[in-house]
């Protein structure tokens, strides 16, 4: 079965490896990802922060395109895109006046049957058994702190696939891939995403707290499913090290990269070498392929 | 056919049943109902595509009493019933008119019946209830005859008509039904033939107070037809006998079916399909829709 | 806030008199009566969020859980309070809506199911529309730069964004540590990734720009 | 009929415990509403037979309202639940037969909802006014020639005779 | 039939907008009207005399009064009719005040409507049939459901008035939640010390029959004549042999398989147990689910040590049927649990507080047990996880309560007070400890209540922080409580050793089931509804069923006790007469035409309809028809509308009367 794919802007640049690993993993699992033709920005942060109508229109333009392309299930790997798309959809479904307004703006009818899902949901849709079946490598050296970030499982009344306060879906995926997971407290705390460029001080502090809690609870890898989280956690670690010399560098992987590793793919294939913090492969994985 | 006759005759001989209500052939394309008490008479029993009456209308309390309670040991009453007639029997059981133990259901795998006597059975002459029939096998029976058959596929004109009426404006609908009801001559054939119209004294026969004006005037006709349809909504099993019996060809089936569709849509309920599911009339769900209410 | 009564006042004022919540100085005979404010702001917030600010009962759970609370000048719940009471200027001038990262922690936990993150979006939008002097102007500049990129290419062109933002803020030297790395790793494309049907994007911008949101 | 001067005739079947009391409250609160509606008190909305409504139409009503206690508030625990199902069918049936939906309306009005009662009465009066007289049914009446002594004024002459 | 019409001016209330003389004048010409008049105050003594005189003078058979709502003065005019020798049910009221003069402005319009209203009443009264009130006997015995403080109080009050009481409690002992409490606000007296004597009094009272470990499974009948079926669950102990020595409990080898629910799961109990040492009756129960005997037939330790041979493994549930005249429902409450809820529940758990995964995040009742001298820690404040004394403790109010996103919008009323008490108890026991209370509002309305809270703050130095807590998580053995003080506008973080949640009071899970069994209405949470929140606060809408305590809404002990006494006095009033009179508005079946489809039986909300066999001369049943028990029927008329053959009529509102009104519209 094919799923629609809405990459989002980060996937084309700062989160290239996410895009790469996602495509590779799903190709290997036997599922096609059909990229949405001529997709545009979802309007995350800046648009909804300053212009509500614009943000709805930008997000729903993509839904219109998906409808035209005949996509029923569309994966949006970026948590911000995902949240933006489902929030806009929810708003127009609850408030028909908003729907009319936006349809007028776009001069198009907005289809109601395009379901936007995130990467975790996608893994659950294809079934976790599929991941364990395709396991080639032992990942039990990895003690993963699964970091959901703020937007992936919120808000509850729109998004019901996992608990908004104590989610477990990413842990289930990581465990299906053979990694050990830890229980920790900051899996839903915000990394400061939107302030990445303007208020680096905020981002640095928030990200530092997240990383520290992961380390405190015994993690040696942080797993994310959002390009913004990844950027902040991965890229900011050098600055952290400079500011707090005792800071422990900890690699940050995308969930797709983790699954890719378990399926026997290489660090380079998955784009893990593009990260700022080195993922020292030998340290975590016994190079023993499972038959 | 022979097996049916043999079975019926055995039942009567063994005194397992007091009588067999069945069809007997009148002519080539015509059968009539018969209540057979003598085993010898069973030789005229038939079952084919021309058995279009719903015999459950004969299952009245009075008849069961008269036929089955004569000897010391109460006997059963056997009835040959098409799968759709079994629905009527189920409804009657649920409404306490007969007891399951009192009757012996001889049913058949059905391949459809003609819409009226004298017609050649074919796709074109198929009764409208058969076109959308979903139960070619009976839901309850004591004896089953015949192989599974296919009902010829035909256009569901009744549904098309319902949709057509649905798309009319309110005034047009009113005019349509006014014209139809205007034809009514208050012969009450619809009532007589309906297995579920079992009341000894019908609401329309009540005069103090007068519920429904009984002259065949427009106003009385309107009330009669509305009340008839309402009393049968969520009860009617869709046997279509009323429409067939109506000498003025009022499309009673249209209304009955519309109400059945609504019952299915709003409450997922189809009358006469199961003895376990409680009837829609007389039950409620706190979660029923509140849409209608300000 | 209490009930300040000016005994010297010749005309008897209503006894419930406003104090400026942001300063703790209240010149005794310089008070303004607490009166009905006919602003369209509550209505506008309602139009945007489909919720009324009166829903909030000021429990403070939002502020308690806010990850960026420490960087705000006024607690998020107090912004709602200010709007409830009609102190719009104070609310719109605050840095709080701009610091809000939109992480939805408050919205998820709110006992009254008030969508505070959406409310903050609305406050920002109103502040821009009313041309309030924004405290966190760099954040606003960033948003504008971001939207300009989208307007131009339909997608985010990160180099363009950073470049434009830096030109706007004249903050040229920060991020020197990350950008070269990004280039080296081939993560930042040198050319923007464009949407083909940029006309439709422009149209969206034009239609939603009636209030001149992005220019001032 | 002169449209200007025509005033609709509306019958309301209301339950004794909630809506009738709510109507009393509207009075105690002096909330004004149009005078076209006349209340017929029944014990429970569950006891209203659909024939009552047909009768009302036959006797020249332009609209009918049935009102009872809110779900779960029924003085008799469940009467209104049964009513709800009954009206669901009857309303659909009338709609199919071609009687305007607004002619027959339903509401839940509790004993404390005097304002709501007035609002509902105003609304139904407005609705019926905009629909105009129930000509379709009235026409059938006018064509009706036989008078039944039962409800006719002439029946009272019998009473007179008895006295 | 001669009818009199009496139009009341109600001072000016009616006559201001309705031209009363004109109405009377017009009505005089209506067929059947013999006499018509108007008067300033029809309900006054002269007004009633006017009616009486007119009736006698004109030999009237029925009257129509155009006045205020029948809910106001129907009874007055009916009594007037009785005194004039007319059947009271041949009186009809046209509501000219609430539904005419008060709601219309235009005099002409209102007058016209008034005339029409009187005409409708006239048509109805012409068809009214004389009715007589129904009399029923009263069984002077009461059933009290629930053996908490409410049930105990109500049972004692009724019993002391000299009537028999059956008290049913589902737990093995009476006492309820109050027996779990350590001390009670605002006096800080020991809960068990004041409760235990009452429990014993119940046990020893000659008029009270106690059924513990029992449930009410069926209630039939009607006021004065209920029939209740009580299931006495198998205790596996022969009651009258057991001396309550406790040897069996001491010797039971199964010690740690089940939590003690009386101790709020903070301790274990053996397989044979009484919930607590002061249990009444002091007879243990065997928990079949963990007892070894029921697994493999072995053990039998308890049998060996019991020299009175009181243990009976083969005992089975027994059913009792009791005739009773009234019921007091006092089933109490339970606490909201923060655990994750199933998707169908109206409640949602608290994920932000860990869904109950932190062992030292406990609820109020657990703290009561910890603080109680008879509790698992013997009154020392200790953490459930490691037994350490918490040096920093956080109390959070309004957990569940006033939190619509978790499913509850109401205030649980008692949490402010018991949290202050908890904080105080903690400070009294851990002198160097710090106590923090996160609150939204302090609702301390009650005698000495506000003073009590202030004492906690001022004398015991409990820190009150105004704000809801956003999150609790564990870090390095401490519980990080993230809050905000909304008064200071400052974030507040406490690294607590223990957190106590003041969870909401909610009804028991099976409260709706019991409500349906008895036939009383309940709200969306499952709290039982009173007949009127202000004027009939302890009555349910089902006559003869009274309510008391926290099964209605959250209540503290003083309120519960006073309402229990109120409910008891209502029951005693009921028992003070031998017979009850009730309105004759009941349904009746025309057996000749009833077809016996029994749809009426299905719709009857009160189970008043039975199957009646009609027999022929030989005694053979030839027809089954519906029969309405006049005592049970409440006269809703749902059956009349459902009946297809129209064989049921509701007296006082029969179809003929309604048709006449429609015709007169």
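The letters A, B, C, D and E name the chains in turn, as written, and every chain counts its residues from 1.
We adopt the following convention: a residue touches a chain if its C-beta (ideal position, glycine included) is under 8 Å from a C-beta of that chain, and two chains touch if they have at least 3 such contacts.
Because the structure is a prediction, the values reported are computed rather than measured.
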| item | value |
| --- | --- |
| Chains in simultaneous contact with chain B and chain E | D |
| Chain whose averaged C-alpha position falls nearest the assembly-wide average | E |
| Reference chain D; chain at largest CA-centroid distance | A |
| Comparison of C-E and B-D (more C-beta pairs in contact) | B-D |
| For chain C paired with chain D, centre-to-centre distance based on mean C-alpha positions, whole Å | 54 |
| Centre-of-Cα separation between chain D and chain A, whole angstrom | 60 |
| Length of the line joining the C-alpha centres of chain B and chain C, rounded to whole Å | 69 |
| Between chain C and chain A, distance of the C-alpha-averaged centres to the nearest whole Å | 26 |
| Multi-chain contact residues (two or more partners), chain A | 164-165 |
| Of all residues in chain B, the ones touching two or more other chains | 203, 209-211, 281-283 |
| Where chain C touches two or more other chains at once, by residue number | 105, 113 |
| In contact (per the touch rule at the top): chain pairs | A-C, A-E, B-D, B-E, C-E, D-E |
| Interfacial residue positions of chain E with respect to chain A in the complex | 340, 350-352, 354-355, 357, 473-476, 480 |
| Parts of chain B lying in touch with chain D, wherever the complex brings them together | 165-166, 168, 170-178, 203, 209-213, 215, 217-219, 222-223, 226-227, 229-230, 233-234, 255, 258-259, 262-263, 266, 280-286, 288-290, 292-294 |
| Of all residues in chain C, those that touch chain A in their complex | 48, 50, 67-68, 71, 99, 101-105, 107-108, 113, 115, 121-122, 124-125, 128, 136, 138-144, 146-147, 150, 154-156, 158, 161-162, 165, 174-175, 177-178, 181-182, 185-189, 193, 195-197, 200-201, 204-205, 207-209, 213-214 |
| Residue ranges of chain C touching chain E (in the complex, touch as defined) | 57-66, 69-70, 74-75, 77-78, 105, 109-113 |
| Chain D - residues contacting chain E, complex | 9, 11, 20-21, 23-28, 30-33, 35, 38-44, 46-50, 52, 55-56, 59-61, 72-79, 82-83, 86, 118, 151, 153, 156-157, 159-160, 162-163 |
